[in-house]
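Next up, some structures in structure tokens.
Common to both upcoming complexes is chain A, partnered first by chain B, then by chain C.
For the complex of A and B:
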């Protein structure tokens, strides 16, 4: 009895050991290292600062007094808050639509889902053509709908970030839809039969039965969507290079710029720390809010 | 109990399998940097003997592809020819993305303590970053070569009395124009800002509010390079002799910014604001959506394939009548200091091989890059090519008017600052005076510790 008890408690650790090994090497160690390096000045493009010097919180002080970094933070928050809820709403809507027993449902599922099998770089390249001023298909469509505003989406300071967000929505909504669709198809039919007997409308069933039952799925999707949003960078490289004037620079893109273009390791480490803290903040808040809703 | 036991056995087997898999992936993990560390496989024998030329040596050649030409196939062809001449050397060409990616890959290898490739093609302007990182070795081209190469292409190679790179795929900023449209309208190719703006305005076609054809498209998504000829043509380049000085707020530079804005605001001849259309501009010229574009000489071959009209190529008109401007660009070959000496020696052999006049001419003909040697233009192949494609001679002529490309210490950050404010001016968020004053102040702050 005693022995089986021990085995029971050590087995799980044994099982996660390989994963833990890789997480430790490729995630935990770099994280710790970034925290450590963020207190040093190290610039690879300047001989006398090539060896790290301890500077305390100077890197963070510089960052938060730099209007460019504040702009980057703002862009990132707008990007996350602008894409995540909308992508999830669209995903739920798409899943609900393609879960109906109607003609051509396979084609709809395919068309909603297909953007998500493309690599982001390909998706962004496709959108580069869509967004072309004058004859891009996106502008043509907007024209048809009566839009008469500026068409240079990727070069306009007010539109560049939005065009980055549109690409993300287009690509991600279909992906999240799959999770909702799987969730919906696993829902117990009796509940819906009962609701129908009680005379619930489609909307009421959706609002009071489907949505609450899918809360776990929603939590999962929200979490991966937030993490994904913070990690977005590919379409920025393709579409705007963070411009114009930094209007579409997000944290991760800025991190790349500082580390590889400016060769400033200390500052890049400080940005990494900010990125990790923000990510934790968002995911934990999300988790706590959903848990509270559970009661 | 038995079931649990067998379950455990299965899990242990799985675990061992996984670890074994890790075992095979772990050495492959430097696979990301594997390109940079072929030492083990390449040199099975210990103690490399430099004097013995038959000692086999394998070097890696990192290169980017930045134009619409079959660079990879061309380079492989040169390598085959080189290996026939030098049977003891094996060159592995590694395509590494864009210019920035090559530099990032090499620098990451060095930071990680791995052996870098023996040679790489990086931006000519990457010089200070590479020297400060102690990443490259100086090179010693022959006097004959130095007398032959176009001086403008060696501007970015000199530092501290030494030469650190040799030109490989070099370009310059030029203007392409639809000569048929000019002839139809009875307009001469421009030779000043006034005649340029007037031509652009005259060639713009509108139907109501809709633009059918722009007079000119002037990409500015990543703007410093195409902007520089405007500043030079205005009388003041944005960069001078010093490696820590910039001239962003010079009145002539501000005038150049204003001229770009005027092309849209005053003359209505180009799209308003920042034009993020680098990739699209040549197609727009070929399909008649614009009468002129400012672009790289590297687009010549692609354009000639597309156009069904007489394609004109010329340097950028300057402000004063009869003056022109351009600026060189593109990549040089660097030899990496971190590579063992015998590999550096082999790499330099290959660099010299690539710099022979016939090969430079051939590379130019096949890609559209400007041949960097005077003698290349004396080769039969080049003469035949120029007879067929006279525009290629114009790309070379543009060089006579070229000023230095922006290269200072801390280049990445300074360039980013300049881009930011130049685009703010283009987009009307700031006046050219405000924007350039702010750019100058920030750039000076960013350069302070480099003085």
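For the complex of A and C:
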């Protein structure tokens, strides 16, 4: 597998050094530093707390007894569970649609995929108008379909989180579609011919042939979608600023708020630790799942 | 299909028309937001857009773009984004090629552990580390500079891994021949490893540019002046300007200005973009 056997040369180390240097400074060190600082109290907006003081696990104890933080965790879970499965379903549907031999496939693929090229802040700004009460097109369309509920999507406590999820869904479904599409185009055609001969319907083929064969793709998309969901906050800045009263605040937005609005470094470090642990948990779970799938 | 009986053929056709219509309908719905913004951005401000009557107006105009440009320094934001994105890409291409080459070509002590350390970056995304990284940038005295926005991305675990995999695919015989001819490491890399792997570098480059063009949170917290601010952070600042209010034509124009360069590049090189996105699912 390996080519050269220069065991004593320092050259390979020198070649890796630049990458290692930046990874060390902007990934390894900050991770260690977050764990360390999470045991200290440091608040930059209060003179007496400006210098870090060791407080043990106080930051974590405070976090998990804070109803605000519990709400943030709940919002994050709703956001992830609400967007990821639906985005994957839409991605699969879109991939199936544009993988057919019909006219206008190129344009349709373009239509599904184009939101993923936009910056999230642009997408959110466009949706800001769509979600406007009274004359926003989204509300008009819903009205037409018989919806009579509240229309102030971004300002309503029950709808704010949903509105940021809608934007994420619109933007990401087409991005995940391309992985399914690539997968579908690599599937062996014989299986489908056999299924057709056995009289399987389109639905049966999708359900019992395509979807199971693309299990690996689904797992891959799930991983990047979950990791992505934890990192998506841009639309919150544009649409809701986390409000009303925290109803659409997710973990990363809260992290930003605690550090840059409340100037609480200790608490922000503790939240960073929670975020890192959650991300590692998902990555490792997915890794284990995919390893098991290959046996 | 030629062999199927008439009845079968017709049923198949109805089915095809049905699925074509469904595909077109959903595709059309999905395109409405951007299409709407595009139309709105060319509508004169004098014709208010109450009740979403944006589709019907008396005239089209470029005024919104001109006005948006005059209200905020979009040319400076544009320049900043281009510089930041090029800076990241330029450094990344060098670091990932060198690291990928080392991991693919050499056998050395600590190879596995070093690769693992670098791959940690895939598990702990830089976005999650914004609090400690902010302190580092402050410590390095880089706050509010373009370099501060770019520097955390100079080393790319994903890119290094991608290049390692690509280099491992290069035929053994070629490498051996080069080694026997007494080629230096640089000549091996330049003449044997790189030529067949250029498409991988291009794919990585496209997704790197697309990702960093659109990035928002890190540039937002690490800048405070227009001198360093990129398009995304500039747009959000623009939407929050007092005099903008609910002028949707103006907002649409600004929104599209920010997205346009990348969007146009995407339309021209659509296949390339999609391929590169498929190959670099992890950003």
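Here is the rule we go by: the second predicted complex is superposed on the first by the 257 of 295 C-alpha atoms of A that agree within 3 Å, B and C clash if a C-alpha of one lies under 4 Å from a C-alpha of the other, contacts with A are read in each partner's own complex, and residues count from 1 in each chain.
By our rule, a contact is a pair of C-beta atoms (placed from the backbone, for glycine too) under 8 Å apart; a residue touches a chain by one contact, two chains touch by 3 or more.
Please read all numbers here as calculations on a predicted model, not as lab measurements.
Visitor: Quick check on the superposed pair: does A:260 touch chain B, chain C, both, or neither? Answer first, second, both or neither.
Guide: A:260 contacts both chain B and chain C.
Visitor: Once the shared chain is lined up, is A:197 touching chain B (first), chain C (second), both, or neither of them?
Guide: neither
Visitor: Check the residue A:252 against both partner chains and state whether it touches chain B (first), chain C (second), both, or neither.
Guide: Only chain C; A:252 stays clear of chain B.
Visitor: Name the chain, either chain B or chain C, that contacts more residues of chain A.
Guide: Looking at chain B versus chain C, the one contacting more residues of chain A is C.
Visitor: Just to be sure I read the superposition right, which of the two partners does A:280 touch: chain B = first, chain C = second, or both, or neither?
Guide: In the superposition, A:280 contacts chain C only.
Visitor: So, A:145: does it touch chain B (first), chain C (second), both, or neither?
Guide: neither
Visitor: According to the stated criteria, A:18 is in contact with first (chain B), second (chain C), both, or neither; which is it?
Guide: both
Visitor: For A:112 in the superposed arrangement: first (chain B), second (chain C), both or neither?
Guide: second
Visitor: First (chain B), second (chain C), both or neither: which does A:45 touch?
Guide: A:45 contacts chain B only, not chain C.
Visitor: Overlap the chain B and chain C contact sets on chain A and report the shared residues.
Guide: Residues 4, 7, 11, 15, 18, 21-22, 128, 132, 135, 260, which sit in both footprints.
Visitor: Please name which positions on chain C make contact with chain A in the complex.
Guide: 16, 19-20, 22-24, 26-28, 30-34, 36-37, 40, 49-52, 94-96, 98-99, 101-109, 111, 114, 117-118, 120-136, 151-152, 154-157, 160, 168, 172, 175, 179, 185, 210, 213-217, 220-221, 231-232, 235-236, 239, 246, 248, 251-252, 254-256, 258-259, 262-263, 266, 270, 273-274, 277-278, 281-282
Visitor: Quick one: which bits of chain A touch chain C in the complex? Just the residue numbers, please.
Guide: 1-7, 9, 11-13, 15-16, 18-31, 33-34, 37, 93-94, 97-98, 100, 102-105, 107-108, 110-123, 125-130, 132, 135-137, 140, 170, 174-175, 178-179, 182, 220, 224, 227, 230-231, 233-234, 237-238, 252, 255-256, 259-260, 265, 268-269, 272, 275-276, 279-280, 283
Visitor: Where on chain A is chain B touching in the complex?
Guide: 4, 7, 11, 14-15, 17-18, 21-22, 44-47, 49-50, 68, 128, 132-135, 150, 152, 154-157, 240-241, 243-246, 257, 260-264
Visitor: Can you list the chain B residues touching chain A in their complex?
Guide: Contact set of chain B toward chain A: 1, 8, 11, 15, 18-19, 22, 100, 103-104, 107, 111, 128-129, 132-134, 211, 220-222, 271-277, 279-280, 289, 409-410, 412-413, 416, 419-421, 423-424, 426-427, 429, 449-450.
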